[in-house]
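Next up: some structures, all given as structure tokens.
Here subunit A shows up in two complexes: once beside subunit B, once beside subunit C.
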Partner chain A sequence: SVTTRDLKKITLDVNSNSVAQKIYVEVNNTVPCVRLLNATHQIGCQSSISGDTGVIHVLESEADLEWPLTKGPNPPYMILLESHLFTRSIMMKIKKESSRIAGVTVVVPNTSPSEFSPHTTCPNENTGVYSDTYGPHLAHCNTTVWNPLGNGLSYEEFDFPVFSLKEDKQCYYDHNRVVNGSAPQYPLCAMQLFSHMFAVTDTATCMRRNDVINFSINPEMVCDPLGDFNVWGSIRPYNRSQLGHRDNESVVMAAARLDSRAFFWDVSTGAEGSISGFVTLLAAAHALRDVTQVAPPTHNILFAFFQGEAFDYIGSSRMVYDMQNGKFVIDLDNVHSLLEIGQVGLRNGSDLFLHSDPVSRMNDTVNDQVREHERYRCSLIHRHHRLVDNFQSSPLPPSSLQRFLRAQNIPGIVLADHRAAFNNKYYESYYDNADNLNLRYPPNMTAEEQLEFLTDTAMALTEVATVVARALYKQAGGDGTQVDNIKADSKTVTQMLFGFLVQANNSWFQALIPPELKDMLSDPPDFYVGVASSSPAKAKPLTRLVQFLLANLTGTATNLTQDQCQKPDDLPDESVQMYSYLWVQGTVPHNGTEKGPFCVRASVRLSQALSPAFDLGEYASRNYSTWTESRWKFIKARIFLVASRDLEMLTLGVGVAVLFSSLLVTYFISTKADVLFSSAREPASAAY
Partner chain B sequence: MTAAVFFGCAFIAFGPAFSLFIFTIAKDPLRVIILIAGAFFWLVSLLLSSLVWFIAMKATNAQDLNLQKGLLIFGCMFSVILQEVFRFGYYRLLRKANEGLAAISEEESSPISVREMAYVAGLGFGIMSGAFSMINTLSDSLGPGTVGMFGDSQYYFITSALMTLALTLLHTFWGVVFFDGCERKRWWVIVAVLCLHLVVSGLSLLNPLYVGSVPPVYVIMLLMAVWAFFSSGGSLHNLSLLWTCRKSNAETSS
Partner chain C sequence: MNLERLPNNEKLSLCRKYYLGGFAFLPFLWLVNVVWFFKEAFLKPAYTEQLQIKTYVKRSGLGLLLWVAVLTTWITIFQHFRAEWGVVADYLSFTIPLGIP
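Our next item is the complex of A and B:
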């Protein structure tokens, strides 16, 4: 939710008087699972509006579920799970008996399990290119199951809250232990979770309710569409006021995805799932900067980084829609071919696989193009590389290329480290982090040393980036003799990997961003697409960081002052229509001479990544992504003791008894007052 | 702790005050005015004493827990003394008001006697004191949790309510006794009331040893009830009258 996003990490300590402090312990850093809606379903978790309270029970094993689900005498229970017990079978069992369960908390793990993917086995199966009309034998993962380890938990609906919290079992061990099968004594330790979501049913319902707010007394939006901004840049700039088809323009596109997701809100990393891809593409763009100045290729090369791909291809579907409707600087007829970089971080040995769409290749022109592209690549084989052509009859993996193919038959290739199923055992999960990519640093290094250290992962990705850069250059018709000069810089790659996976707030990233955004880099970095915002200034920190990175790596530093940087049109050689001008902090080199901030000129832009379904008002659309995120008021958790029912009823009974007896006694005394309290004027010793 | 505990504690703490109010105060507007003015006087005394304590607390080291506890005890005692001072001030005000009321009434005497004013003033003090003691605890009792996480007793709410009940009634009785002592110029009565108030306050500092604080306070309350009964014109003779009256009523009716 937009309004409460900032309050996420602040503990809501509204009640700070001392009695409340004796009772409640607020839990810091809660990570909830929130409700998401699309055209047909709602997924995620929901709590009741005044929170769900349950007696804490730590689950030891799957068999131990019997206690909270059937045998325990103090329902409802709040189940505390270790992360290795957070499996589909346990969650489904809990879901079935949810009348006795107030909620589930998962302990934040220190190490990853052997495999875990809460995503579905066939990601984005309904919004890709394969359907009943196009390659039906390939649709719905009939031939290749891309994510076989997926348990689909992220797409289930739970009517109780599920939180991820740091471990705190002391209260449970003090009060709630089950000893020899007998119930523990009151007072018991309980937890209350608040994560009430406003939106229900599906996107059409919640958007309709949003529209009604103009007439209601208490206007409150209930949900927001997911989305953000795509980052794109090109070797030769485009005039941004000229949109639509450009004559005689044929552009080679290179694409990667930026975002990822996890079961819990806002904690995704996507090291292998997305970071490996876009870091490679950024390094390739950097490698192409110099050679394209010296020996420009025939075709232009456009780098596109799509946001929101985890949710039915929000970014790429929007770009295709804009191209189809003449709202982008080029259109689909201008696209020569598309090379997409998928998951490339976990290569077995040195294999890289080229995926292409067999249905589109039945068209000869397309087939020829793809074969050309592959030839270029195979000709770039290093001694220790193997590029394997995978076209026989296997479909494209989930990729942005699928959305382009839905619109028009474009030759395209997806580069990946897997032939069939993903090598990624933690696809779209919290565990897809630096460890998944085997990113290791020697011990006892400071952050600055780690920033500069060349890891093996970085070296591997650098090789891929070099291959990508060379292929793009050849594909764009560049000079063949220059190809060997194209080399990706491993130092850039390792710095990017450190920044995105370990610590975003480092000196290199700080140098790339403008001074007003220097607090934007927070750790840990988070790659969930989040709700859409209307202006590029409010794009997600990750998106802006990629924008500034791309600008730094493909643009040029200029001598403009800050004022000139903000208004470059006053100068004769500069044009805001062609380039974007960014004032960045710059570095302070160690020898003391201050370099200071400077102005970067780059042909890098942001384009809106909001699903066309929201612009068209088709909230139940089957063609476009319709994902929205519900809004909520506050999300918090607290732990306290609960007393037995008997004590409560005793208190109530004593209170009622006191009230009635005092009413009786007072009535009696007040009617007899003249007898009881004789007047003061009468002598007290008068005898009667 | 939930609605059951909320209502239970509210009834315990405010039940007698409520019944006293509806049966003896509510019908007479003059008594209502004296009640509310009495509550206001108590409130002012609390404000002044808490100001003193607050300044003392802020002026000293907040980390020194022993000093803060000492300051709290000092603040408590100072507040008790100030409350009794204000009670005396209210007595003087009411005496003056009584003369005025007598002057403007149609009969010779004032429509309300000093004894009634004493009782109402005491009740006013008691209600306000009870409200301030209990309301904030009551609001926390509505939530799902109970006291005990940090080692406090789980009987916190019920003992708070019992103490509030005792204190409300004690203020009423002290009001009666105090005004009577002032009327008859028996200054030792005032000193006794002050001392008893200090003792009750001091006993409450023994919490959470509830055994040490609640039963003694109730004993004191019963003693004060007897004293107030006698000083407001009651006697054993009246009690026996009451008993025989009832007995004779019972005989005649049966």
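Our next item is the complex of A and C:
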């Protein structure tokens, strides 16, 4: 933290090599809120191009807002909020009087508040399946509000910067305290925030300005579409050069989402929101590996992990679009049914809820749908669980299944731990972390011990994974006698939870990825979808990690060498069209049991998750996600002392006065030069 | 170039060149004409060519005023309405400001 002593020391330290270093103290580890745009709106925060400076004011309560907004004599103010004060009412009040506010900083807390969700109350309400033409009484959360704690802050537009910083109030206490209602004296502690965003208005405008770079003398990209890659894999491989409809092929699909978001850029975790779902699906896929080789089911099973679902279903809408246009290995007619794993980490007791779409059950051949539904019910009955059917009139929660239903009437079920509103009190927020899932480890354990420890959360998710694996196997027409042998591995689940929520750089994750990609694990995995990239090699670390996980959990280890692994087509039995071959690290040499790197063969692929709106050029589309993220030059924050305006004007005035007086004196001297300088002159002696 | 040293007929031809050049959408030539030859046309004692020079300077002045009026009007309108015009304004612009509509 910055103390007055530090600032004085910096100003007096004559060995500092730059004036700027004597004045400004850079703030490290800043997390900004950035601008996102879609077809109709811009959301997020914007600063002016040369930063916004404001006198720091630590807000003590909501009533204290009066000081910076109306009473304080030194506007503009930079408001520092504790996390419990970061609420909708305070932010809206600040937004209304934003002429006196330079920006807002939120202190990163150590513990979570009791509840906080900056997302909307009805997530993805305009791009789901319910609309004015399909189940209008269910649209816009008329019957069930899924996220009642949502305050919608993530979707508001602020014209001042909002940053998230570590606690740093010493400078404020030294200089800016309000004593007995009287204003503090200059010099005051001020903070300057830079987060100037390039894009404005909406996606159509910013994409147009991207394209105009040919004619402008100042070419500059202003925004990028959000997107990444979906991960998908199947029990039996598909030839990837054969796209479109496959005759006599009926695939049971299982889906989960990978991403989440928060109010601030790039800090989301989504423990309950997405990790609980995809870890369960990965464990179920792992559980099915052995039984599907011994007793293969009639139908194939396809596991899909969608990216970008927080932003109007980027990944699932793209896969549905590809299926509709024959650009995927199967098409919608080949999909037998879809089981989606929603939020399953916070179950009350052992309740698990099945959500299905009531409208599709009404419209289609009732017998067909009811039969599928009952088949699922029977599949999912498990000794310890109470499986509850949702009421006939309850809509689907926000889920990828909604995008599939928009295109075609597919029997589908979403598995969740909530009957109506989410159990998740921190949906799409920074606080949806390990604590939210009650992930607890005994004290005094090393990282390796924690990796292997079976937490309660892991046991609970393992049970769900077992249920899911058995349901998928039975749904795919597998042998009934084998079902009881299907059990998810709790060690795998707890290792995955540790890796995604506590520390990614652990020995198990390191064994699963290629040796050259070790840097992928250095930072905590980032669950925000981010901007789209063109090649799968540049996919997000999280996506690639899930790809390698799925490959290792469902694929087989082979004896291929590294060169053979990169060019398997030279071998007669291997085919790059059917499988993907990944060279992974293997267990690090430990206790002499050295496994070493090996080649994994798996039918796991990445498919692009970029909204179809960008391929079609429909940047104002209402059907597809149109989310883009603005570009910016730099984002930083710095603290310094400011002097009063009077002092500044006085200094300027004195400087101008000195300038004019020096001009006057020079003029005077030059006109009277002969008088002033002639008395001492001797006659010049012409001595050459 | 110091006009003092030129003979009068050369002054006239110079003034005429600038006057004619300004018609090629070059109003700054007219501005130069007005400023440079103002003293010659109006403040010097009369000589033969001065009448012609005076005409040229007056006409250059008129043309200059017209250009200033047109450009000021267009620039004011464009700066004011650029944000509202959307697509058209973006295609007309050389430099689009970042971060503001």
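The criterion applied here is as follows: the second predicted complex is superposed on the first by the 637 of 688 C-alpha atoms of A that agree within 3 Å, B and C clash if a C-alpha of one lies under 4 Å from a C-alpha of the other, contacts with A are read in each partner's own complex, and residues count from 1 in each chain.
Please note the rule applied: a contact is a pair of C-beta atoms (placed from the backbone, for glycine too) under 8 Å apart; a residue touches a chain by one contact, two chains touch by 3 or more.
None of the values given here were measured: they were computed from a predicted structure.
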Should the pairing of subunit B and subunit C on subunit A count as a clash or a fit in the superposition? fit
Touch check for A:179: first (subunit B), second (subunit C), both, or neither? neither
Is A:196 contacted by the first partner subunit B, the second partner subunit C, both or neither? second
Tell me the contact category for A:53 with respect to subunit B and subunit C: first, second, both or neither. first
If we overlay the two complexes on their shared chain A, which of subunit B and subunit C does A:643 touch? Say first, second, both or neither. first
Which of the two partners, first being subunit B and second being subunit C, lies in contact with A:663: first, second, both, or neither? first
With both structures superposed on the shared chain, find the angle between the C-alpha centres of subunit B and subunit C as seen from the C-alpha centre of subunit A, to the nearest 10 degrees. 50
Going by the contact rule set out at the top, does A:205 touch subunit B (first), subunit C (second), both, or neither? second
Of the two partners subunit B and subunit C, indicate the one touching more residues belonging to subunit A. B
Shortest CA-CA distance in Å separating subunit B from subunit C in the superposed model: 20
Per the definitions at the top, what is the overlap between the subunit A residues touching subunit B and those touching subunit C? none
Which residues of subunit C touch subunit A in their complex? 86-87, 90-91, 93-96, 98-101
Counting only contacts in the complex, subunit A reaches subunit C at residues 46, 49, 196-201, 205, 208-209, 212, 215-218, 220, 222
Could you please specify the touching residues of subunit A with respect to subunit B in the complex? 15, 17, 19-20, 22-25, 51, 53, 171, 187, 190, 192, 638-643, 647-656, 658-659, 662-663, 665-667, 670, 672, 675-680, 684, 688
List the residues on subunit B that touch subunit A in their complex, please. 1-2, 4-5, 7-12, 15-16, 18-20, 23-24, 113, 115, 136-137, 140, 143-150, 152, 154, 156-158, 161, 165, 229, 232-235, 237-239, 241-242, 245
